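These are the structures, in structure tokens.
Same chain, two partners: chain A is paired with chain B first, then with chain C.
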Partner chain A sequence: MKKYIYMIFLLFNLAVPLFAQVTVIAHRDVPVEKIKKSQLLDFYIGDIKKWPDGTAVVVFDLKEKKAVKKIFYKYLGKTSSRMKSIWMKNMLAGEGAPPKAMKTEKQMLLEVASTPGAIGFIGQTFVDNSVKVLKTIPLKK
Partner chain B sequence: MKKILPIICLFCTARLLAQSSGDGPLKVFGYFQNIVQQESLNRKIGVLNTFALQQLNLFLQKDLAKNWTSLINIEILNNYSSARQWGALNLQEAWVRYRHSAALSIKFGLHTPVFNHLNEIKNKTPLLPYIIRPIAYETSFEEFITVDEFAPDRANIQISGYVPWRGVKVDYAVFGGNGPNINSDPGKGQTGIDTTGTMMAGGRFGLRCKGLKAGLSFTYDRYSQLAAIEDIKIPGRDDYGEIPRVRFGIDAQYHFDRAGIESEYIHVNYHDKNDEINFDRDFFYTTVNYEYREWFSAYLTYWLIQQQALPVKSKMTVYSLGVSCPVGERITLKLQSGKVLSNTWLNKVNIGRARGNYYDAAISVFF
Partner chain C sequence: MHYKNLKLGTKQTLGFGLILFIMASLNFFSIHKMREIQNEIDEVTSNWLPRISAISEINLHTSNLYVHQLQHAIAIDEVVKREQQAEMIALIDKINANIDAYDSLRAESEKKTLYASREQRLYLHFDEKWEQYLDLSFEFIELSSANKRQAAIELLNSQGQRVYKLLSNDLEGMVHVNRDESSKAAKRAETAFLSTRKVITSLFILTIIFSAIITMIFIRYITVPVKELEQAAKKVTTGDLSVRLAINSKDEIGNMAASFNLMTKALAEARDQMEDQASQLKSQQLVLQATNEELQGKSRHLEQQKEEIQQKNRHLQNTLKELHATQQQLLMKEKMASLGDLVAGVAHEINNPLGVIQSSADVCERCIQNIEQNGRDGEQTVPLETVTRLLRRNIDVTFAASKRIRLIVDSLKNFARLDEADFQVVDIHAGIESALTLLTREMQGRLTVIKKFVAPPEIGCYPALLNQVFLALIKNAIQAMHDRGTLTICTAQQDDRILISFTDDGKGISPEKLQHIFDFGFSAGDGKRIKLGTGLATAYDTVQKHGGEIRVSSEEGEGTTVEIQLPLSR
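Moving on, here comes the complex of A and B:
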């Protein structure tokens, strides 16, 4: 019996990172291959609005409160409501509209793939060759 | 040729800056906050119960060209009705901004300048947990408190931005605008403009690092209307001339996970060489908040305001607590309760003491 319990425990520990790992994706033509946490935060809070080649940054968000979204914002060090507050402040200061929120990760993938300068985040299992992976967010155990 | 060259350069630069590729649609959005309030601050009147449309703001925003944005903000206060002479209607902002980069933005036109943390967002009810804001920022009290004495409400040109430095963002802003000597009497000429030679200059220098945001702010202008305030007139001294006024502000806030603390201090100093008058003012507030869930946050706040018009001095302290509950993306329900203590002295003798409570409930809507 103990063996089974250990096996279930081991499988559970392996399965969580496999399904919950979050990747930061971008349009294939963006002029960077990697992104730092601070740069990612600057894009999402609207402090930086352009890629190094001058292309406008188009930020996407997820509508549903899924684990992927929670992990992503926790990584940025902001709660979801804090991010909403920052976006609303930017909007009321004429700095631009909040990010377009996608209903599903699949939709996020399609939008990022088809929008020049786009950046978003999805679960690793959804990633394909249509986008560039800039970062895989490490899971804290 | 020497005279024409700068004009040609200016024209070419303007053409270069105003590339039409950034032209965008006209965006209309805004917010309003409706409240119900019970107040018992004046014993003679007793308890007051009232409903009010505390504030409504309507924004029009349009990207005019690449890097150029314009915004208009119209603000309606206190159940506004021109027919009944209730409340107020303000053109709060009408500006155009050129954003060169994160390090450099230039704003031209009427706007609320960067001064301390709360000044820029004081009127933006969806961003605030409060129903009644820290009192020096409560614009719905404008009819009876000189709110813009503490923080500058209006400026006309501003250069701002931030520079990253070793993981810290160094914010800066410098702005200019009219002095406080705005003409309100049509008999004396055009109203709404500064009819003296005075100007206001100010700025803020701040730092942002992880959850910390802090800064120092200041303004300088000259007040020339003190002699017009009848109740402080001293016999034989009708004209005090222009008195330099300096506002000094310090602000700090820190967010850690779901908790946060923010605090501000403002000192308004009149450099009057006359001992008979003293108009210095002080304001302080501190708020501690905690977001229990995305749909529920609570805060405790303390405000202190001191005003002098010697020989009269007044002091008001407010202790307040409140909760804020977002319902979906655009609606927030708010509750707030506060205890107010107020004292007034004439030549150091207490001539008025008041204490009371207020209870507010509000619905804040962003559209």
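Moving on, here comes the complex of A and C:
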């Protein structure tokens, strides 16, 4: 078992130079510069649907099973399946559809940059000026 | 060191310690094993079984979810659809709750590294399929909500059913794994239990065997020797002191046995010694009896002797009495002899003047005849003056003679003091003079008497007795000086005493004789004259009677001094 854990760590250590750190990005016009973990979770599980200025929050998900996605959800304390089950419940309760899942981080960047009130997550290497960085998720050992 | 050489306490400690050790290890081992079994059982009850139930629940709820989704797709009525949606929400909540429960159990067993890798693989696969199923469900709900019933049912039946099957298989696989693991755990517990039971049983038997062995050793090394000791002690009490114990060990019992042996040996020796002593005593007693008899005989003999001695004593006393009487008689005789001497002396002294008186009387007669013849004849043959002168001279001579007689008689009277026998104050010088007068004939003019009378003359005394002393002393002195010599008589006062000394320059007395000078019957005489020496003995008595002292000092050839000390007043 420990072997696996070590292997995962090794993978992370290798992945870090590839993806660098995971950053939470948002549309440039969002009225916040930083975001707390609890707020981010609230946005993602749909408890808060609007930015402080009233703009609707649009969250994005990654479709591929990528390290970035895993790190992000782990940071929020959930698995991707658990997030999906929550979105499922929201959908069944009529509270809206689940976040759109982007195929790549590039697409995520483009979508977030072009959608007002959007929030998403990508590897730091993909970040450019088109989006606002709200948080850089610290790597935990 | 051999076991039998150990001390009793050490033996017991070793024995019981061994048993205790075995018991303790038995206990320790069983507790340890019990804990192991307990852990296994705990693992099964607190982890494996809840995990199985959680997985089964998940399986049940996912299948229900599938059914409700189907019913959702079939349902035409919006209300029914919403009911189905609510049901689905509840089911997802239940699934999530069970997944959470499973996750926490999994984390626990991961900590204990009891989580099987096969199960992990299955779980990761399940998670993936579950996510996939949820993705499909999003599509399905979208279709179903949009009343695209046919497409929805098709999606559910084709892809949904496939994913669900995979998911369900994973879950079933997990249940199997868990079931296998828990049954393995149970088996382990059972094995542990069985092996523990075996070990405990064997250890228990071992303990019994050890206890038995130790007890036997105790009996061999403690009980048996003690019993032997007891029997030996009983024998000793019956008097058999030849009993000896075998010393098999060096512990207290061994020491006791050694001590017992020493004791019996010492007792036997003591008894022999006592018997010896008793026989010795018996022989000694016999000797004693013999001695006693002998002593009794001797005692009787002694008594006889005592009686004889008493008889002799009585005889002696009689003899002594006789002796005393004889002494008194002798004393009397001596006194009479002295008196005789004195009387002879006195008679002689009186005789001389008496002769003078007779002859002068004769002359007087003839003178008177002459005178008468002259008267008748008228013839004067002898002149008258001559006759008268002769007469006168004769009268003078007669006076002188009679005076002399008177002096002698007075001296005698003074000396004897016949009329003054009692204690009175008298002139001692007169006493000495009387004695000298009475002894004039003895001296016969050949001795010179020097008198140095210094002391006051009058003292209290028994004059008759004292005069006798003086007479005796002067007489002795006269006897000591044969033809010529000087007798010096001195009196002097010294404090409250009077000293009277009589010193002659005669032949003296030898020191040997001086020792016996005051003895009754002593005589300094040379044997020419038979005389019993009573003078000094009597003098001693008399001076003692007056409370005075009498001393005699003498050197042979030089002379003798007799000194009398008398108290001045009494």
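Definition applied: the second predicted complex is superposed on the first by the 123 of 141 C-alpha atoms of A that agree within 3 Å, B and C clash if a C-alpha of one lies under 4 Å from a C-alpha of the other, contacts with A are read in each partner's own complex, and residues count from 1 in each chain.
In the analysis below, a residue touches a chain if its C-beta (ideal position, glycine included) is under 8 Å from a C-beta of that chain, and two chains touch if they have at least 3 such contacts.
Not measured: the values here are computed from a predicted model.
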Inset, instruction - Give one word, clash or fit, describing how chain B and chain C relate on chain A after superposing. - result: clash
Legend entry - Contacts of A:I48 with chain B and chain C, given as first, second, both or neither: first
Inset, instruction - Return first, second, both or neither, reflecting whether A:L92 touches chain B, chain C, both chains, or no partner chain. - result: both
Inset, instruction - With the two complexes superposed on chain A, say which partner A:R82 touches: chain B (first), chain C (second), both, or neither. - result: both
Inset, instruction - Please work out whether A:S38 is in contact with chain B alone, chain C alone, both, or neither, and reply first, second, both or neither. - result: first
Legend entry - Location of chain B clashes with chain C - one stretch out of 149-157, 221-229 or 329-337: 329-337
Inset, instruction - Return the residues of chain A at which the contacts from chain B and from chain C coincide. - result: 79-82, 84-85, 88-89, 91-94, 97
Legend entry - Touching residues on chain A, where the partner in the complex is chain C: 1-2, 4, 65, 79-82, 84-85, 87-89, 91-94, 97-98
Inset, instruction - Using the touch rule from the top, collect the residues of chain A that touch chain B in their complex. - result: 38, 47-49, 77, 79-82, 84-85, 88-89, 91-94, 97
Legend entry - In the complex with chain A, residue positions of chain B that touch it: 27, 29, 59, 61, 69-71, 95, 97, 99, 102, 120-121, 124, 126-127, 162, 167, 169, 210-211, 255, 257-258, 291, 294, 297, 326, 329, 366
Legend entry - Residues on chain C engaged by chain A in the complex (per definition of touch): 85-86, 88-89, 92-93, 95-96, 99, 110, 113, 115, 117, 120, 127-128, 130-131, 134-135, 137-138, 141-142
